[in-house]
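Okay, structure first, notes after.
By written order: A, B and C. Residues from 1 in each chain.
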Amino acid sequence: MISPFQIAYKNLLRDRVRTLLTLGGIMLASWVLVSLLGFNRGYERALDHDIDNMGYQLMVMAKGCPYEAATLMLQGGTGLRYIERSMVDSISREPEVEQATPILMQAYFDPNKGESGGIAGYFGVEAATFPAMKLFYRFRKGGWFQNENAAEVVMGFEAAELEQREVGDMTLVPEKNVQLKVVGILERTGTQDDGTIFVPLKTLQNISETDKITTIGIRVKKGADVAGLEGRLYQLPNVQVVSFSQVKQTIMTLVSTTRVMVFSIAVIALLIAMAGVANTVLMSVVERLQEIGVLKTMGAMPSDIFLLVWTETLILCTGGGIAGVGLAFAFARGADALARRVLPYAPKGGLVEIDLKLALLTIGVVGVVGLLSGAYPAWKAGRVRPLETIRSAV
Amino acid sequence: MTSQKGITLEARGLRRTYQRGTEEIHALDGVSLKIQEADFISFTGPSGSGKTTLVNLLGCLDNPTAGELDLDSRRIFGGGKIVSERKLTRIRREVFGYIFQNFYLIPTLTVRENVTLPLAFYRKPGTDGEAEKLLSMLGLEHRMNHLPGEISGGEMQRASIARALINRPKILLADEPTGSLDTKRTMEIGEVLRHLNRSAGLTIVMVTHNANLAKLAGRVIEMRDGRAHEG
Amino acid sequence: MKEQAVAISGAPGKGFFQALFLLFLMAVPAWAATGCDLNSPDRDVPRLFPESTRYRSNYVSLRADQLRSVVARLGESFRVLYDPLNVPYTIYEIYNGSEKVGYIHGVNQKGQFGGIQVFVALDLAGRIKSFYIQKMSGQWAGKFRDTEFGRRFLGISLKDFDSFDPVSGKGSGRLAKIRNPAPEMETDFYGVLRALKKNLILMDELVYSTKRQNP
């Protein structure tokens, strides 16, 4: 005995081209929708991961533009001016502070990098305090500096890869022509530290002929009043405080415009696809009015006919939704790459995160919207009066 | 297939009037008749004589403008009340099976699927296995898995007869059942109907232009200007 | 100094340098070819290949048999520091209109103070049309990046290495006549020559030998 589901499914096979085109529209709309929802989730998670992997929750640096500070910090940029090394000690005495570490960022112009030269950047850090901030660091080879004045470097994985350095090799600081020995190469961390060259702070200060620093990294105690600490730090002269929750807010605000726009496009795509569904099903009902009339003579109640037509809508939407989600899974990497090209800042890690739950949610949304759009054609079919539709030669 | 015994259909003064613009068309003008169990009635007459209108009322496909219709002493139409489509559907599926000139088989379903289609909406007890019996009786067992587009017109009409009979109706209504068929297949279908009437006692009400087909029926009623004339 | 790696993983990672004064390098994404890529192909290709009107980037990997052949032809180990051996190499196909006119390809070589990236532009016969060191570290690295030094390689092909060994520095022919522009960086001078030989052998394996087999 044939079931109503089979009847509905076979009805869709009557005009395969039309069915495929309608499915195609739903598939594309679903693809966009699930990719976008995956991006919304993945971006924030990747950003959280990047920020967590900074190791410290607050940074103090010389006053400058917050956007620059936010993005440059996460990209490995620096503040524009120097601050006194002594500020580290005063900050360390704050009750909420677990650890403070001084950092000097310097850059030198290397005329032999690229066609017209490039910048070589260095991070001066204290061997005594910095590694404790980055406990998740693992060394591929070697280890941290032996002392604070050593003519040594520790390289992030990608920095070492670019320079083809192994532990024991030498590097040269351009402009200053100072040779430093590679004593450690880190495993990949998935953060901007992969591209960083770390030098003992005092060594870099000597090379740069300064006793100042550019940044102080601060790790706060668990449960500490971070807002209170921030407030006091802001009282320090000529500095700004960058909190990574602020950084995250800033970046999310920058990105949110893009997200809203893309979300609108996804919604519009979905609505257009659903209009296509409504049109397809309505056309199919109009073409089958006589047949529907005959079904009613066989004993089909109006609700039976309504459900039959609605089932056709459900099959279209679910099928298109599943296909769209399948495409999203298959092309998640491509979507990730596209997002990276377009965005002002893209954290490391997957930007488009699609899992089973999200896939089911998308299929559910598409199904519900589809059922709404199929309600009118189904109602119209249910109201068919057999006599008005069945014609015979009299 | 067996029909239910003892059904009578009694029409008294059935009228049906349509409005066409400003004109009133009296398609039926007070028709009274009685149909008993195992009757095979053929309605003939020229186009516009009201035969299809009458059969539509007898088959509960439409409400009359006036008049009464009783089904086995149960009042269906009368007292000027309009019977809802929902109620008419319930009556139809209990009592009637229908076949039409254009077969109306669903092109994407096989013959077997078309025959069992009514069971998807309503199923009387004891209809298990009925499809195979009907298809065999009507000589369609070798066409069970074919699509309508792959069989002849006569086979399509036999398939629609099987579909009409799947829920063991009491009355079979056939509106120009051979209108789309050639002479040979017309007589084949006529024989099928006569066989169903004589061997299974099925009550059949048929509308036809075809005089030879009409003669196969036990009673022939001629319709003229909305009135019935039984010869 | 013994010959070291031939790592074809020149693409820098994201967030690589911390720029003090706003400029920072945007790195090539990790999923692109990890061989040696031009920093800015749109700008570099016309400079290295003046008659080009367009280019196409191809990503090609060495098969196991090709790798064995490369090692044998190099005459030294093909040790890769950071990447698996079957990393894709970026070969830029150069066109003038619809006609292919040559290739550009770069290799990474370990230098004394950092990686050396050596690019050559080759015609369809495998002869050098341009020689370009995209990156080199060292106080006198500029002398190797000078156009005068680069001009000494014009017209050189893999055949020239038949009579010259860049490991020992001994031999004859055009390569033997090229003088080290920076005696203070002797190691890197021979590193450049080894990189060039490696570049030409790789191109021969990946492109020219295929063309010879399928003309």
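Remarks
Here is the rule we use: a contact is a pair of C-beta atoms (placed from the backbone, for glycine too) under 8 Å apart; a residue touches a chain by one contact, two chains touch by 3 or more.
Values in this document were obtained by computation on a predicted structure and should not be read as measured data.
Viewed as a contact network, the protein chains form an open path, each link joining two chains that touch.
Between A-B and A-C, more C-beta contact pairs are found at A-C. For chain C, the chain whose average C-alpha position is most distant is B. Chain geometry summary: the mean Cα position of chain B and that of chain C are 88 Å apart. Between the CA-based centres of chain A and chain B the separation comes to 66 Å, rounded to the whole angstrom. Chain A and chain C have Cα centroids lying 35 Å from one another. The residues of chain C never reach two or more other chains; the list is empty. Interface residues of chain C, counted against chain A in their complex, comprise 4-5, 7, 9-25, 27, 29, 31, 39-40, 43-44, 47, 81-83, 108-115, 133-139, 141-142, 145. Residues 68, 72, 74-78, 105-107, 110-115, 118-123, 156-166, 169-172, 174, 177, 179, 191-192, 194-196, 214, 333, 337, 340, 346, 348 of chain A are the ones touching chain C in the complex. On the side of chain B, the complex with chain A involves touching residues 47-48, 51-52, 56, 61-62, 85-86, 89-90, 92-93, 96, 98, 100-102, 104, 106-109, 113, 116-123, 131, 163, 167, 175-176, 179, 207, 209.
Chain A contributes residues 1-4, 6-7, 10-11, 13-14, 290-291, 294-302, 304, 385-387, 390-394 to its touches with chain B in the complex.
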